[in-house]
Amino acid sequence: MLFILKSNSDPSQLVEKIVARSASYRVVDLYGRRIVVAWPDKLVEDIVDDSVEVRVKSSRPYQLASSEWKRDKTIVDVDGVEIGGRSVVVAAGPCAIEDEELAIEIAKAVKRAGAKMFRGGAYKPRTSPYSFQGLGEKGLEILKRVYEETGLPIVTEVMDTRDVEKVARYAHMLQIGARNSQNFHLLKEVGKSRKPALLKRGMAMTVEEWLLAAEYMLLEGNGNVVLCERGIRSFEKSTRFTLDIASAVYTKTVTHLPIAVDPSHPAGRRDLVEPLALAAVAAGADMLIIEVHLSPEKALSDNEQQLTIDMFEKLMTRLKAVAEAVGRSI
Amino acid sequence: MLFILKSNSDPSQLVEKIVARSASYRVVDLYGRRIVVAWPDKLVEDIVDDSVEVRVKSSRPYQLASSEWKRDKTIVDVDGVEIGGRSVVVAAGPCAIEDEELAIEIAKAVKRAGAKMFRGGAYKPRTSPYSFQGLGEKGLEILKRVYEETGLPIVTEVMDTRDVEKVARYAHMLQIGARNSQNFHLLKEVGKSRKPALLKRGMAMTVEEWLLAAEYMLLEGNGNVVLCERGIRSFEKSTRFTLDIASAVYTKTVTHLPIAVDPSHPAGRRDLVEPLALAAVAAGADMLIIEVHLSPEKALSDNEQQLTIDMFEKLMTRLKAVAEAVGRSI
Amino acid sequence: MLFILKSNSDPSQLVEKIVARSASYRVVDLYGRRIVVAWPDKLVEDIVDDSVEVRVKSSRPYQLASSEWKRDKTIVDVDGVEIGGRSVVVAAGPCAIEDEELAIEIAKAVKRAGAKMFRGGAYKPRTSPYSFQGLGEKGLEILKRVYEETGLPIVTEVMDTRDVEKVARYAHMLQIGARNSQNFHLLKEVGKSRKPALLKRGMAMTVEEWLLAAEYMLLEGNGNVVLCERGIRSFEKSTRFTLDIASAVYTKTVTHLPIAVDPSHPAGRRDLVEPLALAAVAAGADMLIIEVHLSPEKALSDNEQQLTIDMFEKLMTRLKAVAEAVGRSI
Amino acid sequence: MLFILKSNSDPSQLVEKIVARSASYRVVDLYGRRIVVAWPDKLVEDIVDDSVEVRVKSSRPYQLASSEWKRDKTIVDVDGVEIGGRSVVVAAGPCAIEDEELAIEIAKAVKRAGAKMFRGGAYKPRTSPYSFQGLGEKGLEILKRVYEETGLPIVTEVMDTRDVEKVARYAHMLQIGARNSQNFHLLKEVGKSRKPALLKRGMAMTVEEWLLAAEYMLLEGNGNVVLCERGIRSFEKSTRFTLDIASAVYTKTVTHLPIAVDPSHPAGRRDLVEPLALAAVAAGADMLIIEVHLSPEKALSDNEQQLTIDMFEKLMTRLKAVAEAVGRSI
């Protein structure tokens, strides 16, 4: 149950009533409102209190992430770049940060082509311990240099609760990868950081589980969550993953949070990235996150699916046309 | 191995050589060429014959459906409507044919909105024997009346080898449904009919299996095959099926056959049909097949996902904009 | 709604009442009872008639296949072999019938080892048109000879509605393959034949859909249906299919029909067949269907997964031990 | 490449040669052998050194977990309980630790019935932040008391890199849950702890990915890893998860590590647990991990699937019979 408080009202009496019924609660400040979340519903649903402007009993297990209490779409501000508004935000950059000069060169090129954010991994979750594991903190420093040189806000992955504070010092948006999408301690730490978060959907994660993972962050008072569809596991192996565009579309109908799409990972091959990116924007994605490299064939990871600069420029031109066709811009 | 013959050449000597090596073969006429298909490769790969213009050893198990021997995209002509060209073809109509007057009214409405073909089921594959099973031959007669009234070519499903000839007398394009996508006897009969065919992808069918199912028809000399992605089964249940847009895109890179997308079945809900239809066109679909009804809530099947006429008209306007944005028309 | 009639009572008045309410109905004789099935429930649930002994409103969409009206397990009699009783029935034989002498030799060997039925394909559903398609009617004649020589009842696949009558003349049990598991016309024809049927589960078929496919046969008056789990499609490719032992176990709790398991297809490799067969019997399977060949490496299909006679003999010894451990015999 | 060293030999020259070729390496002590792991293979495959007894180039990406270099099955010793030997080890206990008295009572009961280890969650990964999250450190203290009272070694989940040291002080075996199965930092920390580890398979994890996750721990020198199959995500929803018994069986053929099966989570319902447990032992599982509660209907989590003591006792009797039938004991 969400008790949305009147401005400047004191929740202490309400909290007392909740505690008196042995219910659990959390007081969170989100989107300019103070909200007392209390559960389970059945213990608190008859509580009346002067501090409450409106109470919302959600029909869905994710209460704060649900559009039932917040009908307007949330806009997540990442260092001035607005995700969730009329404009579709493109974040681009290499899979992994490998070298400072290279990173800056890619960043400048994607910025010229219209990207509004830079992506690149310093900590890399790799299936095999024998694969390149990322540069770690050195990679974060390179990302900082990219920001200084180009002004593009940085989104990068954090994999370990112990690293959240550090990564948050360098990046403007924290990515939680598909493999950590139900690492609940990590979700809580990123929630506490209040940093904008990009929550990738797990490979076998239902939409409901995805929104409950977001709920972990919202419940810590972090409303700056963008949900990113990146392909699920299915029986089909002709592409790397199965881009679940229908779930992305469905998700938009049940949450106020913006939806991003990563067309690079499901494609698994650079020639399939463009049609998937176009499809995502046509279907209503608020953000795209695309892997781009100067010389993809030399990249230390995901070298099959990273676009060349040339391909990215052409893609941006086509993306703009499709965005306009559906009443958006890029 | 494909032996593509010179014009007006006689394959009899080539066939003799194939038989002499105990290999199998079939002589087919496709797309204006006479082709001798022989297998297995290893028995026939050193055969030389004067009748042969070019021989193609496919790296893929589907030889005739592969783009390796035919680089230009195939255009399937359905009573004058071209599928696979610059223009994206929209086929629309009710899930099932229920009534003549109703069918004609829907057909006129979708035609006005820009549909180029009419869809509607006379034979309905229903999960439960207690569900409406379609009107059968009476439904076919109604479809004939729709064509007479509107001039829209008809695509309708055939479920039984015993019905192929009959359905082919009424319809312009034979649909093979997802549940019959590996009903190999049915594929052969539809192949023999030479009628344009719409081959829906099975719910658990890999792209390779899909193209091999098409190969069954091509090997009977029927090159008029359109492949239709309609959603696969995955773990996710927030939508009815998982529209596998990435496989549709991948499939276009390995075959010359046109690709259709059915956004209605994966959506399962009419409000999700539009974004999926837009995504399909942005991704490069050559055809859309969409369920539309005058009063969907009264329909005898799939009533959740059929669009109203009003929704269909709005969809067509947006589809045209997206089609133009990617260099196509509707 | 199931109206189970008193012995020797006349259903005509009941049927009149059903028709008067515009409901649908079917009179079927199953397991020694006459049953009037009427639907939809809401139109007929207040009907009272003297002919009715008991009426059962099923909570599940499959009414006749449900254990709600028939609590005792059904025993399917195939030429004297009882499937569904205390004894676990093993059907064994080659994937495809290739040669008479070979077939008879395999049959004799599997009989010696304890198999009670012979399996072998005359009509083969093959993913590729370039694969061996089976001997067809010639294969059926070989199967007849196998029966004459060994007395083992025959189970073999029927793929086409046009072949049901013919196959039924030669075989004792008709197999409906995974790819035809929702070929509803075929299900109806096999239902009408009244022959014992082995209904393989489709690769992406839910348990509910599987039981509704069985319902198509029961509604034609054929109660001799055995359900066969043979592996579903999942993301995992280290085995050919994913044997869904949990669904087989669940299915036993909702239906009175016997459950078979095919360990050969999910294994895809002969060394994995034994542990899966043992698991199936431990979990409660009523029947196993296992591919066995004299020289698997020379087989024209599925040569990776067919057991040698030697492996089959060892398997039978271990199967007997496990069957006894769970209170069954072989 | 694995360089397995002679006893008491000095790896320093070998390491120099590896470094000279710009390859990566790690020196690990596993199963009484000192091994230098070096990669990529192509840089090191011609290295010859006196310290090396044998070198193994694995055909699989998981080198240390592969049975190619270690043919004998690994036995993991958990406080005297041997997992991977002739005897099948049953670990039983409640889903979550809720109360000391209750935990001890359950432990005594499962011990009486033949369980050799106690399971119970102090840290609980819950899909929803509104669900019971476990007692945390207080739960660990209860587990310690259970051990003191019963002598049953404890297996419990660790979810956060920051908690590994603490949980390792209380537990005898660290469980890595399905949702953290690719939390690579956690895998490394558990690897460094050298504590026996139970690695649950992720819901969409391939066998190869599972073994590579184990490899992360082996590469830290922790060879005490047991792999636990607990059901994957498939399209089928009649059971909670799809127990992938075939993959468990396959995995045994490619690794020397023991295989555990958790029948409780795929079942999702207590009446399905027994047949799945029997199937697992028949198929060759080395360990079972089963949820048991005194009053499952009152449990704070997973209350549908926990067995009663009575059910567990009956299960153990049947398990013993099946284990004996396949040449094992319990």
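For the reader, a short list of remarks on this structure follows.
Read from first to last, the chains carry the letters A, B, C and D; within each, the first residue is number 1.
The working rule: contacts are C-beta pairs under 8 Å (C-beta built on N, C-alpha and C of every residue); 3 or more make two chains touch, one makes a residue touch a chain.
Treat the numbers as computed from the prediction; the structure is a model and nothing was measured.
Steps from chain A to chain D, taking the shortest chain of touch contacts, total 1. With respect to chain B, maximal separation of chain centres occurs for D (centres as means of Cα atoms). Set side by side, the interfaces C-D and B-D show unequal numbers of C-beta pairs in contact, with more at C-D.
Between chain C and chain D, the centres computed from C-alpha atoms are 38 Å apart. The distance from the centre of chain B to the centre of chain C, each centre being the mean of the chain's C-alpha atoms, comes to 32 Å. As a whole-number value, the distance joining the C-alpha centres of chain B and chain D reads 48 Å. Multi-chain contact residues, meaning those touching two or more other chains, occur in chain A at positions 204, 232-235, 237. Only residues 204, 233-235, 237 of chain D touch chain B when the two sit together in their complex. Residues of chain B touching chain C in their complex: 24, 39-40, 61-63, 125-130, 159-162, 179-180, 182-185, 202-204, 209, 212, 215-216, 219, 232-233.
If you check the complex, the residues on chain D that touch chain C are 204, 206-208, 231-232, 234-239, 241-247, 249-251, 253, 266-267, 271-272, 275-276, 278-284, 318, 321-322, 324-326.
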